[in-house]
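Common to both upcoming complexes is chain A, partnered first by chain B, then by chain C.
Our next item is the complex of A and B:
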């Protein structure tokens, strides 16, 4: 190659080298800018990913991203807590393994239907299903689903809400509504009973008055009859008015005067006794019902117990004898009369049921048990002790007897509300206390303490 | 067009003709770049056309024939420069099938502004393949030469039938490769 050619080539090579260097610089700058951009993008993606994960983790539901093979590819913190699994345990497993076996087909069907209609927004449609935790426990859950495509692959987003609490709350609400409805019925019945009692009182009053009138009048008539008898005897002895005397004596015999003289007073007494009992029951019903009494009033607890025992007599009279031991010096207690009556009624009915249960267990139907109710003062409070000789309460059950809806009674006998309501009323509305001592097979004593009014407490202290 | 196409062309002229021929065609072509190329740069493809035309004048060989010869030469150079593209390739058909998806893909990775021609390969029965070339640069002759170089490299003799499409400007051409018995 001659020098001229070489010189030309050298010149071209120099130009080419400058081009290459310029190109290298440009590419290096481009590379740096691209690297910087990638770095910023990576940081942004990382931040967004963290934000997204934080949002997912703080969602109030378990969220899963599931691929076409039903494998879990992403989940949030709530999912781990709900199904009691770590993220490592969860990723890669079949999503439908998180369902109870009997719920898997329905969930797959929901998935298939959603996939079929993915052009429609199905995220607002939800079904209920049963989830299975790692421990094997199951729980009700609400499912919603969204189909999505990413990078040419189809995924499903499952949102699962554990609705155990909501279900329990709903059940509780339904029971409370039933209870409220029952309470409203009882209140209506109380109002009705109070009205009926008032109406009965008027005829009872004149039956009573007339019976007393008859009693007094018959006593007067007996005096007249005694005088008449003496007259008849005197006339007979004198041989006077023989025909008239015979007629009088015939009338006396026909009327069985001796029998009437003996029986009419006792009949009137029995009538008066019956009327007195009707009056007592009517008064008890009126006092027990206390319709509309929503404010505290001073109540004679001893009288309230007597009233309740009268009203509830049918509940215990075939099962137990009731013995009362009242502290007559117990001052009136400020309380809600209707609620205190209800609490005592619940206790007495529970005592009767406990005795019935024991009789049934021991095959001693018909053998009466004993319910003892004592009142007294203790530590500046009025104390009511209701004891029974029933079946007793086990130590385990004693911890739960004041819980709502807890009952050991058979279907139809108890709602598990009585002691719960009693506890709420005594402790929260009256500031008192309620406690229980029990021995299985021997009996139970409930002790209710109610604060006395300030004046009464002062007297008590003196 | 990538600079390597120009540098390899000038290299071929040096080898197959003479260095002073190379210098003359550069000078006569009056190129905007002055004939100073770097393999990684990009240049107007019409400069190559001018160089080939000048070479044709110098050598008396027709331009299409020169371009085919260059294509054949270029394939051999690619084999030496980029052996990894050829390792594991058992025959010409297999290599051609991977040309667009593997080789051109690699070119795009290195040079995002590169616009290699579109190559569509279709098996047309036992020992037959249809190769469709399409490029706005109209270098079907270069493609023809590359195909011949490819067949020569893999050693299986084949007939190459060419059909110019869309007016025969070399923008779109169908090649039918048939293996000889």
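Our next item is the complex of A and C:
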């Protein structure tokens, strides 16, 4: 081979190598760029995934990704907090175990229905259900659901919102509204009652005045009659005016004078009694209704109880005897007069109903039970104890009696609000307490304690 | 001449009923009946009445309007309302214009007792003009100290009932007024109230506020010769009230008796306050006589023809204050003089002793000065003759401790 050929080959190879080097350089730059891009994308993906997780974790709802076997595949932080479980506890368990037993079926049904209607967007449909925390406590939650497919398998996304706060707020609002409407009802009733009291008082005044007049004047007439009787007898003894005397005697016979002498005074006496009763009832209604008393005043609790018993007499008179045992030295108690009357009324009516219920259970209708009301002082508080010999309250019910709308009474007998309102009024508005002791079949005692005013409490302490 | 009583009501049944019911009083009273305010004024025009008893709600002239007229034309008449009214607004209208508000139905005994006792008390005050000072008083002047204490309290948005009650209980004018209101039939639905503090609490925020709106509750004593004396009399009354309550407590009195003793002590000079207010020029004569050696009591008797206590008892009676306090006021001076003074019992004993002790405190010989004021027979009857020295010591120790 000659040098020339070799020379040319070398030159070609040089070119080829230069080309190869250039190519390598280009490729490696491409590679570098690609790798740069990949790492950037990776970082971006990581950041996005973190963002996503953060979004998930900060969503105000528990979110679960659940596979076809109902196993939890993924969950967020709120889910852990809501159900009081760690991520490890949660992954792989059956999603429906997070429900209270009685609401599992409904949740499964919701799942099945939404699967059937996958084409519809079901995420905006929500149902209410009951969740169960690891500690066993249950809470109301709102559920919504979305079905999705990934890599050929289908998953369900569950969004569960703990609505206990909202529920509580709503309950508070409803309760407040009830209290308000109760207060309004009481107020209008009070205004009405005092109006009626006024209407009744006017005729009572003159019925009473006239009866007093009849009583006095009949006594005067009787003394006139007695004098005339003496005259008749004297004339008769003297044998005078025989015809006229016979007429007078016939007239007396006809009018049944002896009967009138006896009965007229007692009939007037009874009328006056009745009028006094009416006037007592009207006064009691007026005091009970106490319109316009929206602030605390010193109340004679013993008197308030008497008044309430008078007003509510119809509720208890055929069911029970009422016995009162008052501490006459009890000082006046600062309270809302209308509410205290209402509370005592509720207690007395409850006692009467308890006795009625016992009577019908034991088939002893007509046998009077007994309601005893005692007042006294205990540790700087005024104490009212209302006992009945009624059916009693079972231990289970005792826990709920102060809950709103809880009632064991038949339809139309109770709304389940009486004790709950009493509880709210005594504990919150008066800073007192209300408690119950009861034995089924024997009777119940409610004890209300109200703080005495500062001055009275001081006097007690000395 | 029999006292004349005029009853006014738009309901004739009521008038006939009253006429029949009070038939037994025909020997003591001349009674007349008017169907409505206009007819009442016409009747009064021909013959003024000593007592006017009217319904509240009537077509045309209301009871309050009628009594406004009566107060101007016949200031000496006693003005009573007998009503079944339940409307608070309407009732406020009657506060200044009527002496007492009686609830329908009222039985004859109560109505008769109130009118009889009022006329009796009036009988102790000589002369129509002086009697009219009492019936013409709808409120009494408040001391400067009392005004200073109450003005900021009454400006607060939520009235501090407790503090206001205490301030009222320290001011005779306000204590008497609030007791009148609380014991009137509309407000006093329960048992009679025996302390101004309880009365304020019974009336409560709403009523007090309405009162502030409708009434000038704190009239000042006018500038003048008697002003300083008025101020001192109120301060003195406060001391007597505190001591009377303390003595009643020492004697084992219950809460009610202590409250009544305090009230009797606080109001012991009610008549004097009324005279300073209603007849300052005449009262100046009393004060001029004192430096010449007369006692205030004697000077008052000479100028006004009766004791200041007679004025006070008359006012307390027509304002419907507790009967124990009215009785105590009448006999505070010489309780043993009248047997019926026994009715006032411990409150009278405590108030009488407190008055004597407080009067003597600044004398050279306090015990001697007190003893000179006190009714020995009365104290002896209650077994307290030897306790005066102890009470004085005990009280002074308490005062120094405080």
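The rule we apply is simple: the second predicted complex is superposed on the first by the 316 of 462 C-alpha atoms of A that agree within 3 Å, B and C clash if a C-alpha of one lies under 4 Å from a C-alpha of the other, contacts with A are read in each partner's own complex, and residues count from 1 in each chain.
Note that a contact is a pair of C-beta atoms (placed from the backbone, for glycine too) under 8 Å apart; a residue touches a chain by one contact, two chains touch by 3 or more.
These numbers come from a predicted model, not from an experiment.
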{"item": "Partner chain(s) touched by A:115 [first = chain B, second = chain C, both, neither]", "value": "neither"}
{"item": "Touched partner set for A:332, first chain B, second chain C, both or neither", "value": "second"}
{"item": "Which superposed partner A:279 touches (first chain B, second chain C, both, neither)", "value": "second"}
{"item": "Partner chain(s) touched by A:5 [first = chain B, second = chain C, both, neither]", "value": "first"}
{"item": "Which superposed partner A:206 touches (first chain B, second chain C, both, neither)", "value": "second"}
{"item": "Which superposed partner A:397 touches (first chain B, second chain C, both, neither)", "value": "neither"}
{"item": "First (chain B), second (chain C), both or neither touched by A:67", "value": "neither"}
{"item": "A:303 touches, of chain B and chain C: first, second, both or neither?", "value": "second"}
{"item": "Which superposed partner A:217 touches (first chain B, second chain C, both, neither)", "value": "second"}
{"item": "Touch count on chain A, higher of chain B and chain C", "value": "C"}
{"item": "Contacting residues of chain C [partner chain A, same complex]", "value": "11, 13-14, 16-18, 20-21, 23-24, 82, 84-86, 88, 103-108, 162, 189-191, 198, 201-202, 204-206, 254-255"}
{"item": "Residue ranges of chain A touching chain B (in the complex, touch as defined)", "value": "1-2, 5, 8-9, 11-17, 19-20, 23"}
{"item": "Chain A partner contacts - residues on chain B that touch it in the complex", "value": "19-20, 23, 26, 34-38, 40-41"}
{"item": "Residue numbers on chain A that touch chain C, as the complex places them", "value": "194-195, 197-210, 212-213, 216-217, 275, 279, 283, 286-287, 290-298, 300, 303, 329, 331-332, 334, 454, 459"}
